[in-house]
């Protein structure tokens, strides 16, 4: 993988006159895992959505490989895989269909391996609407992990996962950053995350 | 294909379709999207049978007559080349007078008389004081 | 085009200052012109050879009709600028135009109906001109409702702007409806520039009224747009300074 | 497989699972069309007079009802975010979604319109005219409805706004569609309305998805 | 405050926030009513002939559109679960929900129907007949639509049931409603259809909420 | 509070020919906190919904104070407060309105105290749709805590909460069982829960 660089410069966001965050700047590059840590309502989700270009910041900008993402959205999105609080899965389709009909390149072997790692193989042909909470979350995570995109942005990936799944996810993240990927996750606990991480504390 | 090329292709496609669309829409305006038909069109057989439709034209000067004490009036509509006799029962709009453009809705009876169920006056785009109008008409 | 200049004059504080400064340059002449136009139209102009005094509705109908359309064009233009340059100024102008545009459309419809009842013999028919003008009213209402029902200001601006821009397609339809279709509504009188088919002494009050409406409209928009802008920019320094200045 | 084709297939699959929506559209169509002969009586003259507006009205309602949900579920379950964050052209993806809806909701209507028209005593070339009109009009309406749906995505209960936006944009289609049917049944030259409908169809297909995609981006902000 | 009253007030409040849905019904009503004079022309004889079906159809569509969302959002956000798990009578709670929908979506229609009827040249006692018909019919339809909505809540009981419920149940209302209006305009004794409508209204109010509550319980399983 | 008793007798549930759980029996009474622990997809949610009477078991029954809940649903629901994966809040209403127009008796002081405990006081008049994930979860929890019902059934209450909120929730649960309440929660982690608990392990 090429070396990549994500820069965030003095972001500021208001929602209906209410300041969510201000003056957030950081810079991460290939091999980094940034954990955004903060209490409930501290603005983690809002920050993540801004970094992904879903929300327009009131001030500041996000740069991907030194180009503002607003100007090179396609290039940016070609490299970005995002998972928010919502899983982005279609409940009427099966797990397998959801992964196959996704928007990213699919690589059958890699995908099967991830599904297996999350122990979802038996559920491959179950409809998403019949899966348990954690199972659908893991499906959505499988999509990200098997996407082959360098930048992963995950909003609270650990909530609702059992301990085996957490450690498998941590393995995946570890592998990813070791091969030059970048990962951003958010959490509101003080639990320790396995891989070497940078931390961004937001909120008071 | 590079995103740039794809984008270019997309734009071309959109422009092409918009062009084609404008062609069709403009073409439709040349055809009949009429609120009313002119007497010559009616004579040429463009009018529907057994069905109400609208005719527009000028009231021929001197053609208007009404039986005293009756609401039924009769007059001739023309567009210069063809004319049609119209009968209408009801109150006429203020602007109705001979020489004025009007639109009548109705259908032909067996005697080929156009029985109107509605008569509207169509004002033209000219505005002038009576004196000037008198002058202009006398010049003609 | 020199974008720097656009940015300079399009910056909120500059725009705000310009608005306050020139507001009266629009409202006052607009007011005067309307008074002169009313007097000219209602008393000086001779009656029409056919319609008699009833034709004087023209002095209210035509200006409102013109303004209803041009206001929509301005609104859509502002919306476009807003979307392309993410300009708060443009969005506030667009937003403040909508209610006035809607009122003038309503006025055009009402005066038209008042006029149509005696002249045509009916207040309303569904011909192309009348229908498309009615659609214009709906478009204004749609813009306002859409804006009102999205709470997030930025989002509301942009979503409503899309609607405004899509609706522009209605403007040529209104204007050319009388050419493209045989409508009950009359064809153009004054907007065919070569030779207006209206006598001079009837025309001038009409022109005066048209300009009066236009000036007045811009005056009102200056004020409304500036107020809107102040609301939106209330977090910025220039507004804070402005408010401090005017409180002391 | 090409990504756009893939999304098209996926959406068709999903629509098939959501077939209740499709069926509702068809039922609406049938209901509106049947209510007049059932209540007013099957006087042929009368039926021929109203078939134009009835057909167009049914088409509008059917597309309104079956398209209300074109983006909303995806918006709620987060897959619209994913669509927006893909590096493929959002315009193209949206077009595919619209096309799949068109295939599963408009095409059945066109099929049904044949039967309806026959119960209205329309036959021969007029029948073909009816079918073509329904096809053109519903295709245009699909695009307009999609735009209205996208614009009102972030409004939680978008019904009214959607209708209010839909109304002015679809009125010309309703009027010219009815005219096209009327003219061809009565025997007047109906090429004018048909040209208009075709033009609007093309216009809606070229500009509609772009505006819709933009509206989607906005509502995700 | 009595719990049922509380829920009624809450639902009215929510409906007010969902005012868009209310408006949709009204716009739908106006749209359907306008399209005929717009395309066929405003011939008085013709308009009086079609006002019956037009009114009923509009009422059905309006209630369909504004009621589609009566349970779905609550189902998705989990508050329907909470409703079911309360120790109050689910039938009663559902009745309150239906009543609040009736108040905010049917009553405006009744008001609008007065204006529509006058543009269709209906006056005097016929006007009153129209209003009463719309009132009775839309009240019944609210109950039927609620049932259909509840049945279609769960994915495992899809559109087929909607067809089975809505279509046959509303057809009699549409037919007898149109007859009631027609008879009273033409001047025939219209008490027959009115008795029928009243009967259906009472029936739907007594059995509707029970069936609806049951359907909700099923779909939560 | 009276002493209460919840008995579960050899429950068994199938979903589309797939056995979710079988032969589950336990008995808890006033003062107990039962934690249902299991991995993702082990059937915690299904079990909880069955206990609440939302899902019909294929075999076995649930008894509340020795009466089958199917037969005395009203009595049971009068004592039960449930929170599933979904919050059951109306997004168009404010936090305060949601609590006031809820179905349970409201006691203004108690409610305010809970809201304060979860540090939601500032958000009292925010619409639910504007709250962050954790904030809406906490609102839903406040509804349960302030409900004054003896039996609380909470499905994964800890996911998405920050540590302060978790410890406040644990306090509330502690108080509740000390005053004779019964609490059932589910979790898929091995994290320790403050109060004295009984455990039910499900899944393999």
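To keep things simple, chains are lettered A, B, C, D, E and F as they appear, and every chain counts its residues starting from 1.
The criterion applied here is as follows: contacts are C-beta pairs under 8 Å (C-beta built on N, C-alpha and C of every residue); 3 or more make two chains touch, one makes a residue touch a chain.
On a predicted model such as this, the values are computed, not experimentally measured, just so you know.
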Cα superposition angle of chain A on its copy chain F, in degrees to the nearest 5: 180
Identity of the chain that, by mean CA position, is farthest from chain B: F
Looking at chain D with chain E, do both copies bring the same residues to the contact (over half shared) or different ones? same
Provide the C-alpha centroid distance between chain E and chain F, rounded to the nearest whole angstrom. 37
Quick one: report the Å distance separating chain A from chain F, using the average Cα coordinate of each chain. 30
Whole-angstrom distance, CA centroid of chain D to CA centroid of chain E, is 24
Let me have the rounded angstrom distance from the C-alpha centre of chain A over to the C-alpha centre of chain B, please. 65
Among the residues of chain A, which ones contact at least 2 other chains? 15-16, 56, 74-75, 85, 92
For chain E, jot down the residues that touch at least 2 other chains. 17-18, 20, 38, 73, 76
Would you please write down the residue numbers of chain C that are in contact with two or more other chains? 126, 131, 149, 152, 154
Contact set on chain F toward chain E in their complex: 52-56, 74-80, 82, 84-93, 97, 101-104
Of chain D, residues touching chain B in the complex: 45, 87, 89, 91-92, 176, 179, 186-189, 191-196, 198-203, 205-207, 210
Chain D residues touching chain C in their complex are 147, 151-152, 154-155, 160-161, 164-165, 167-169, 171-172, 175, 207, 211, 214-215, 218-219, 221
Enumerate the contact residues on chain C facing chain B in the complex. 46-51, 54-55, 58, 118-122, 125, 127-128, 180-184, 186-189, 197-199, 201-202
Within the complex, which stretch of chain A touches chain F? 15-16, 38-41, 45, 85, 123, 130-135, 137-138, 156, 159-165, 188-190
